[in-house]
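Look at the two complexes coming up: chain A is in both, with chain B in one and chain C in the other.
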Partner chain A sequence: MRVRTWLTPYVFVSPFFLVFAAFGVYPLIFALQLSFTRWRGAGEATFVGLGNYSYLLSSPDFWASLGNSAVMWVLIVPIQVVAGLGAAVLLANAKLRLRGFFRVAFIAPFVTPLVAMAQVWIVVFDTDYGLVNYLLNLVGLPDVGWLTSTTWSKPTLALLVLWKTTGFAIIILLAGLQAVPGQVYEAASLDGASRWRQFWSLTVPLVRRSIAFLVVVQTLAVFQMFAEPFVVTQGGPYGSTETAGLYLFDHISASDLGTGAANSFLLVLLVFGLSLGAVRLLRPKDGTS
Partner chain B sequence: MSTPPIGRRGFIKGALGVGALAVAGCAPGGSGQAVPSKLAAPSATASTVKGEITIWNRSGDLFKVFDAAIAKFKQAYPGVTVNHQQVDIDAKLANTLISGTDVPDGSFWDDAKIGGQAEHLYDLTDLIAPYQDKTAPYKISVNTVDGKIYGVPWDLDPGLLWYREDILEAAGVDIASIATYDDLLTAARTIKDKNPASKPIHLDKNPFLSQLWLEMLANQQGTSLTDASGKLRLDSPEYKKIFTWIEQATGDGLVTHAPYLEPADVNTLDNGQQVFVPWAIWWSFAPQNLLKATKGKWRAAPLPAWTPGGARSGVMGGSSFVIPAKAKNPELAWLLYEYLCFKDEGIQAVYGPNSVYPGGLSTSVPSYLPVLDPAKPLFQPIEALGGQDLWKVATEASSTIPAAAPIPWWWAQSVDYLGNNVQRLIEGKMSPDDVIADSAKKIQRNLVDRG
Partner chain C sequence: MKPGIGQYTILGVLAIGFLYPIWWAISSSFKPPNDIVTDPLTLSGPTLHNYQAMFADVPIGTGFANTALVLVVKGAMTMVFCPLAGYAFAKFTFPGKNVLFGVVLLTLMLPTLVLIIPLLLEMSALGWVNTYQALILPGSIDAFSIFWMRQTIAAIPTELIDAGRVDGASELGIFVRVVLPVIRPGLAALAVLTTMNVYNDFVWPVVAVNDTEHQTLQVVLSTLAQNITGNRIGSDFTTVWGELLAAGSVAMVPLLVIFVLLQRHFINGILAGSVKG
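Now for the complex of A and B:
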């Protein structure tokens, strides 16, 4: 009788833990073990200790992939936060005409399949026959290798990501803005604070948690970015868009599973550190987390 | 509130215990891994053999061609049901072989990918033995890993020199005079003198294809990226010769650097800027399906040789058929592939006139030598090539192709180094010596040493 009493809650929660163990814990432990081996998916795995980790940490390609992701982060996240916040403030304004239309317009790219958008990017930014270069030529400017030069490939790809995901940023920040009580702004107006002052001293601090959340989520997304460079540039030209996620995939597709697993754990550590840093940096000054 | 029946320490101990068990049970490469074995020929006769097989194939026209050929196979083997599926093989096959679930009984695959996955495939050495001496040596060599054959050799893709016959005539260049790559440069200079806007020789802008092309030129000289033992041999006179030739051609302004059959390429092929395309036989697709203004003006000739009297062709690309080690009915898959690759009726079904290609499949030739008779064409002369007998040109060129070495498992990954550096060479950003030194160093460190 007593056994049944204490067992009951565990029976109730066990379905979740069973599924979590099968699809969360097991793959994690498997991947961790894999990261210490050389294994190509068949036959016996060879234990190599920290060999995969030391190979990656001394590999210029690994650091180049992180460097590419870091540049992409700089090109995407700050712009997305600023643009997203600006658009969210506009959309939160009840007096804005066609507010519903703008909301749909901003969100539409976010719900459009990435591969379809990537194909449009390939066509629009084609060096020889793309619309962008056609327009440049009309005003007497020369062709630019948007996706074929190492200088422009990252900004062009970042623009695709911005176009695709800024809608998501707007949703998050709009939700944060709508949680701010209207009386706060009324009080500030009565005290004579300008719109700009209200934005800096009220809006930004009060949506700080939303911004922190957005930065963490987008940092994760940028360092795991795979589909965009895979479809648009295949990591080229000359590896300039070989992001950390794509570099990781290269190991897997080459059946170098041990190195791929080690790479993914290094990436987890990095993203965890970056996310922690972002959360601490953006933590509200009242001490709440 | 009652005390929890299991304390925090107890929970942690339990979790650690479960974790330890999980670690012990999660080890990769456990006893469940099948060791690929040799496949034996089925003992049943064609009329009595029974069963069902799932066969993966590339999508597109080639799928339709094989679908029709498989229908004929089913007439010969009435007890065999073939579930023929269109699959994105590049994306799915390697992962499926590794995971071991829903594995097909047989699949089409690029030759360059087979060596890397040999441990997941049946050793077909004994089955292919009766046909080995009658198969193009190149195809046997690229399907061989550690002396065992893992792929049923299907097509042979000889390199040819595609050229604009009308422009050569106008410039007074006889195609027969282009016997070496130096002759090709001379002919290109002559054409450029006549038309300064011309950049007669196509070099490709796609790193993967440019490396595949490079291997064709290396194969012509009897070498390849690695030897039979897997030792890198990029630092060789043969590769140096190719890179120096590229540097010379680009330095003299003789090159159109364009991505394979993309609009910029098609446009310059059609407007007379490009006159020579040293490329595989599958380029025949372009005049037949893409080019408009110059359709009927292109012709094919054997590639020039690197030295007078040297081989007039090398292989660029190609595919074979593999039978996964976890196939349910591997013997039946073998019967199908034997029919398609080594039996006259099957070869005729694939290459001969069919509903998809009324004149026959002309983008490759079979690798089974007995059918490569210039006088007995499998596909007809091609109108888009001015009625030229491409079969004759291709089979004669094929007969000169040297053997190669197995394609290393990392070949596709090496494009990040070698393919990219070939592009830098074409763009004048690297010298031949730099390409060799940089590519060899990176391939050795990142790929060969990690095999």
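Now for the complex of A and C:
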């Protein structure tokens, strides 16, 4: 007996939309409403119009949290794209031995639990007893306050993110590279193009889409970053690692839910704009895709 | 072109950089607590002291059990409903398809943090704070997995599916007997990604649950880190470091084992799924 009606595809996609309606649409509408009120989680909510938004937009702490996230972005995304592309180009070489080993080694950090590794970071980068300063002392260098100085706290956190996610970036870029047919390179070699030229004029344009995907995914991740600073630095020292995600969470901890909701929407707008910008900047110029 | 010594050196250094922290954490967890602090470089022991102390200190068993439960239910929902929706979006034409898929893509952009506050209030209105359904249901069928499955299934030749139709199979029959076997590498990748996402999920379990009975593994782990900051000056902070590394290792090993077992499928699945944009 064949059951095929016009309903079939709707039934197939319905579970997602049911869950989304209950735990996505409803909270979204509620949050929007909440963002126009002053409410501490109990009692009456007072309507304050755009008060929460104007409070945040004139609050130095809010801008500082965005600034911290922006610095984290600069420390993470460009380095990851460049290093990831370099490693992916090396790995794409069919004549490379131990290819499987390198692929597994690079992506292994990606499958480690974040909180566990964040804790390892605390121990390894401890100023007084950590492994890194121990090694520095061995070669006669002084201690560095990796997690206790405002200069180093962001790079040390960024290193955790880079260590953990660059393997994933490499695999994504490798996928893009493997979509490039080998004949393209052969033709270019015959034309006498140098390897460096081949890289810039052939490889980079062809993996543009993978790079765009990566930049969008990482931009979303960096501006929502929460667990890393929450576990490793609690936003310190002196607020230097108080990221946008952590600042938002602080409103929840303080039961200042209206401001928190407004903060969420400002963050959504920002992330949305940044992602769109990244997609537009990295779109191939010939109009495909 | 054959790779030269330079290329091998770069890749080798990178590989060591990526693997060493994992090795250091696991090997140090078997050292006596004092040695971790005084001599972080050389191996000593081995001792199970850190593990005994850690198991006595935090309910890591409960954490594991809770994570496993969430993983099984959420994983099953993802593995059934996401390929099904991906199939509909890839191989059916129906009114409203583009709008519905647009909604899926839009939710992809939505930061989890936006929903945290209202979702938490929704949970308390439902009386779901400190329950398993609160940990499981929100985000149980996620947009990324549907997007991923649509990409993967779109690559299947339509003739293969039509052949199934001619044979008189039902739509569900075609899905189970034709579509699922073909996308097996993609499903393996989806399984690994879902496992990692659920295993690593942190923000939501932290706010949705505040009793030890329902804490997931990551939340249990994070309570240990809070001990460390509390005990930074106290005499026993070396003990906490040992426990921290023991707990980290215990949490790390299951994922690494799953990954090593499935790595070929996982990497191939990602390679296959992301090529077609």
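By definition in this document, the second predicted complex is superposed on the first by the 272 of 289 C-alpha atoms of A that agree within 3 Å, B and C clash if a C-alpha of one lies under 4 Å from a C-alpha of the other, contacts with A are read in each partner's own complex, and residues count from 1 in each chain.
The criterion applied here is as follows: a contact is a pair of C-beta atoms (placed from the backbone, for glycine too) under 8 Å apart; a residue touches a chain by one contact, two chains touch by 3 or more.
Bear in mind that the values here come from a model prediction, so they are computed numbers and not experimental data.
*Asks:* First (chain B), second (chain C), both or neither: which does A:V19 touch?
*Replies:* second
*Asks:* Could you say whether A:G245 touches chain B, chain C, both of them, or neither, answering first, second, both or neither?
*Replies:* It touches chain C, and chain B stays clear.
*Asks:* Mind telling me which of the two, chain B or chain C, contacts the most residues of chain A?
*Replies:* The larger set of chain A residues in touch belongs to C.
*Asks:* For A:L206, decide between first (touching chain B), second (touching chain C), both and neither.
*Replies:* A:L206 sits against neither chain B nor chain C.
*Asks:* Contact-wise, after the overlay, does A:A116 reach chain B, chain C, both or neither (first, second, both, neither)?
*Replies:* Only chain C; A:A116 stays clear of chain B.
*Asks:* Examine A:F30 and indicate which partner it touches, taking first as chain B and second as chain C; both and neither are also allowed.
*Replies:* The answer is both, since A:F30 touches chain B and chain C.
*Asks:* Considering only touches as defined above, state whether A:A45 meets chain B (first), chain C (second), both or neither.
*Replies:* first
*Asks:* With the two structures laid over each other on chain A, which partner does A:S275 touch: chain B (first), chain C (second), both, or neither?
*Replies:* second
*Asks:* Which partner does A:V144 contact after superposing on A: first (chain B), second (chain C), both, neither?
*Replies:* Once the two structures are laid over each other on A, A:V144 reaches no partner at all.
*Asks:* Using the touch definition from the top, say if A:V71 reaches chain B (first), chain C (second), both or neither.
*Replies:* A:V71 contacts neither chain B nor chain C.
*Asks:* Which parts of chain A are touched by chain B and by chain C alike?
*Replies:* After superposing on chain A, chain A residues 6, 26, 30, 34, 41, 129, 257 contact both chain B and chain C.
*Asks:* Which stretch or stretches of chain A touch chain C in the complex?
*Replies:* By the definition above, chain A touches chain C via 1-4, 6, 8-10, 12-13, 15-17, 19-20, 22-24, 26-28, 30-31, 34, 41, 86-87, 90-91, 93, 95-96, 101-120, 122-124, 129-131, 134-135, 163, 166-167, 171-172, 174-176, 178-179, 209-210, 213, 220, 223-224, 226-227, 230-231, 234, 245, 248-249, 251-252, 257, 260-261, 264-265, 267-268, 271-272, 275, 289.
*Asks:* Which chain A residues qualify as touching chain B in the complex?
*Replies:* Interface residues on chain A, with respect to chain B: 6, 21, 25-26, 29-30, 33-34, 37-45, 55, 59, 61, 126-129, 235-239, 242, 250, 253-257, 259.
*Asks:* Show me the residue ranges of chain B that touch chain A in the complex, using the header's touch definition.
*Replies:* My answer: residues 5-6, 18-19, 22-23, 26-29, 33-36, 94, 97-98, 116-117, 119-120, 207, 263-264, 267, 325, 409-410, 412-413, 416, 420, 423-424, 446, 450.
*Asks:* Would you mind writing out the residues of chain C in touch with chain A in their complex?
*Replies:* 1-3, 7, 10-11, 14-15, 17-19, 21-22, 24-25, 36-41, 77, 81-82, 84-85, 87-89, 92, 94, 97, 100, 103-104, 107, 109-122, 137-141, 143, 146, 168-172, 192, 196, 199-200, 202-203, 207, 217-218, 221-222, 224-225, 228-229, 241, 244-245, 247-249, 251-252, 255-256, 258-260, 263, 267, 270-271, 274-275, 277
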